[in-house]
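In this document, chain identifiers A, B, C and D correspond to the written order of the chains, with residue numbering beginning at 1 in each.
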């Protein structure tokens, strides 16, 4: 789960990491008031959960009241990568002396939490990682003891020559690590971490992603979810224990298992079609789950054909068949349905579906090809 | 021969009285797995599918000499279940539970590393050595004893590929899912090291997916160390960036962890990659004499 | 550092461990009021930080209002092992079905925290440890991961056959462990842990000792210190970075280093004398420290001779000599002083003290013997 | 020969710029110890008694090949100092700092146990191998090269006993204080195991005190495993119960950990116990040919 910059900064503040004076606003009037409170010049930043806000023109310095108004009006009407900007952050214009990068993730290869630092701030860390990986300094936390003080100091001493700055930075690192662990984060990033004119360390930007698997124990974080910014069907799916991601194609895929669901999308593409979605109905599915899945799938008006690819293991094909039958009637589905149901109770499934007007396939290859053919 | 599980496996089921635990205990017993004990704290004295239930793993191990454990408890209790099994001297722990927070897995994996114990998963569908033992939730009927090793980050996709391999006339030595989470106990390379020494394994199929760089590391390992033929598949070629595709570990971060880079790494290191599951089975069949 | 039962129970409550309804009182009137609030019959318990309250008559069940008054008057006038009772705890009379022992300490041999449980409650655990150690069930916490849930369950299942009770107990164990670690305890004990008539687990008594080395990070615990119950000279010494324990003899010992201070006491006893105290002036001593040490020592009116035993390493003998000289004058010390100062700058010390009227000794044996001889 | 420290010791001082750190660096240098580096974060570039100061142990080790560290930092920073030294590959860590909470030491000791590293202390006065190296705060002038090993839970009491041994005409192979805290890195038995293999050590003096049962365990170890003569002393015969006698570890808990039971354990296992420090020196002298 992601949160906005302004939300991440609220968390930062709670953990004692210094952020600029700033205020989240939803309207131009709010922006005008906030700018007066914070002081002009100020920076107006679009709050959207995608990268590249700056390049898209979503971050602007306002040097006078007029510019505050202009920028606020402009940004609050923007769309960035297709996402409408509904909130902006009005932030004090910090006098930046230097910029650095600080981030924490769980490193899959080392199986440890890693703190990454780079003397260049404000850049895409993945870009740096590709182009000059040696510029990224990494320090691993002990899985059980956490990030020891000397490791936090190591980061500080890497980023800053001045010992006072280095130790102040070490303290920021320790706080960032503490919140990372306490909140089951998957990413906590300060980019850039800046030194201002008075030699103070400030987190100019903030990003925290949370591990979905840890959310059950952080209801306060779950409460921060900006439902407006997320795909409502994806949220709905999650609530019903389904896993759904919308794509831009027209062949709706219903599959059991995440790996098979991805492989099914790939297969549709392989044979020249365009998958409309990823949809994993999970391991132990019931007719209701199939019904729910189809409800979500059909909210996508691009969908023209539905392709069921079920490999029955724990999932029983007859359960899926019953679900299809019920949904077809209840939802009055007119879309052609290609069904490839194999494994546990596949014979029963065939019996259930024999008069349902479906197109059957023995293999997933056959199924994908038939689904594509139906579009012609 | 085979790896991880075989006729010597003495299996203990943690969370045996739960819905999934009891159902799959039945399935594993039916397959012929030697299920010797179950554990659900507070339910000692009961039996599930004829298997005696104990209050703790330590007690179960003492009474039944269990050497392998499969975990079916809810995610929030899974890490404690692993600790309990490791503390009780279990040598192989297969964790089926899905949804364990990554930060907990970091601790679990570190703790296990100091013990004579291997963890598969979490979020693994299990391990099957056909004709020997089935540990986990994989459907027993698709397997056939043979010489192909299969290791995968996925569940049903593995079944699909195994099924096609079986239908092509070949069998499997051992098949396992290592789990779809970012932090897991056993990785592809760990399995390949064991397949390398397994006389019955003549070739290995590696089924990868988007996210992380385990496939890339594996490719290099295969090129440098692995003598038997390896075939690959990578799911998620059409997956968008920054979206979790079901599995907690299946996510392209920015531009890292794409299927394309994994496929390239496989091919650069001499691993033949199938475009579709069917093609993987075909490649194995064609290349195995 | 120790706290009273009522204070330990306040901590228990904060961590969710169930304790009886009860109230701390300082006067008979308070006890009468508390008893009415809590209900009669009730139990009145002397709050002193020594063992054996029960045997000494400091815990009494009051079955009616008259008895409440009688017992309160009696106990609030008691001395237990020389300590006057200034506070009592008025506690509901719990209907006890079974008693068990639960305790946590740091095990020196295993170098781990250990939870100990025994099916017999209300007994001295050291007594059990000596007489039937097999009755004590021990579970070690992982130093880094803490007490895992399955280990807490193990304790619960050892103490109770009923699974519900066992899990409730496991929860108490986890809470007790949590507070033990969080507060840098050296002992956390529930003795007895009882099951009441309704099958509820209650901590009937509570004991927590704190690691003095950890107190610097627990000002809230330090604030619980009952200065009335501690020896004021020992507290004063601690504040001045000295380590002092009063004994009953008449030869006051001033030594640098804890081991040597003990050995000096032992030596006095060995030659037939009685040490008045343990007093360690520490590693790097100054004249002021010597002055402070003598001030404390002389508050003990039993002291008739003062014996300095200083082995100069870091401690410089001339510093000690100057301290003696200054103190002798400032405090107008008339007591005979035996001085054995050896090591760093001992010649300078001799020079300083040559006209001070002290009795000198070359060895600690000689010093102890001269000190004893002075008493005759 | 000797144990723990010798001519090969390349010493690093953690907290070298502090009051105690700088003073004792001078003392150690004067004794002839090879002090190669000091560490105080943020003070890199300075020199103390001619010894270069670095920002981190890792950097100091890289530049100077230090293999031993002595810690003089305040108690609240001591455990991190140990972690830092262990992480940097230091093989022997002598922690002088007094006042580290026991629960922290439990973690420190556990962490160290997984590394090729030994910790002496905390709350140790240090280690001296006369004529070879002095690490810590023990006063150098009382030592003389010889064949008696001395291991103690105390500081000045050790000096007293060593001084008397030296004055009796005997010398020492290695003398150390293991620290007066309840949880310490190295115990009596660990030292005896090393003294057993040290050709230059002919006899060992064990200086115990009240609290815990390390002396009792040591007695049994000596009886069962140790071939050289061992002499003992136990401080605190007149100490009252439940009072901490200076050292955090010197406390009789109820009726456990008394001097009497320790002396009995020593004597029951063939360790000759001196009633007074002077008697210990006398016993050693009389029994050593």
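Quick note on the criterion: a contact is a pair of C-beta atoms (placed from the backbone, for glycine too) under 8 Å apart; a residue touches a chain by one contact, two chains touch by 3 or more.
In this text, all values refer to a predicted model and were calculated from it rather than measured experimentally.
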Checklist entry - Both subunit A and subunit B are touched by which chains? => result C
Checklist entry - Which chain has its C-alpha centre farthest away from the C-alpha centre of subunit D? => result A
Next on the checklist: What's the distance between the Cα centroids of subunit B and subunit D, rounded to whole Å?
Outcome noted: 50
Next on the checklist: Distance between subunit A and subunit C based on Cα centroids, please, to the nearest Å.
Outcome noted: 56
Checklist entry - Which parts of subunit B, given as residue numbers and ranges, touch two or more other chains? => result 107, 111
Item to check | Residue list for subunit A, restricted to those that touch at least two other chains | outcome: 142, 144-145
Next on the checklist: Which category does the touching pattern between chains fall into here: line, ring, star, complete, or other?
Outcome noted: other
Checklist entry - Taking all chains into account, which pairs touch? => result A-B, A-C, A-D, B-C, C-D
Checklist entry - Where on subunit D does subunit C make contact in their complex? => result 20, 23, 75-76, 99-103, 105-107, 109-111, 137-139, 142, 152-160, 163, 180-183, 207, 209-210, 212-214, 217, 233, 235-240, 243-250, 253-256, 259, 275-278
Item to check | Partner subunit B, residues of subunit C touching it in the complex | outcome: 142, 145, 148-151, 153-154, 157, 163-164, 166-167
Next on the checklist: Going by the contact rule set out above, which residues of subunit C touch subunit D in the complex?
Outcome noted: 51, 106, 108-109, 111-113, 124, 126, 129, 142-144, 181, 184, 186, 211-214, 216-217, 243, 245, 247, 255-263, 265-270, 275, 278, 280, 283-284, 311-315, 342-344, 363-365
Item to check | Residue numbers on subunit A that touch subunit C, as the complex places them | outcome: 144-145
Checklist entry - Across the complex, what residues on subunit B touch subunit C? => result 41-43, 55-58, 77, 80-81, 83-84, 87, 107, 111
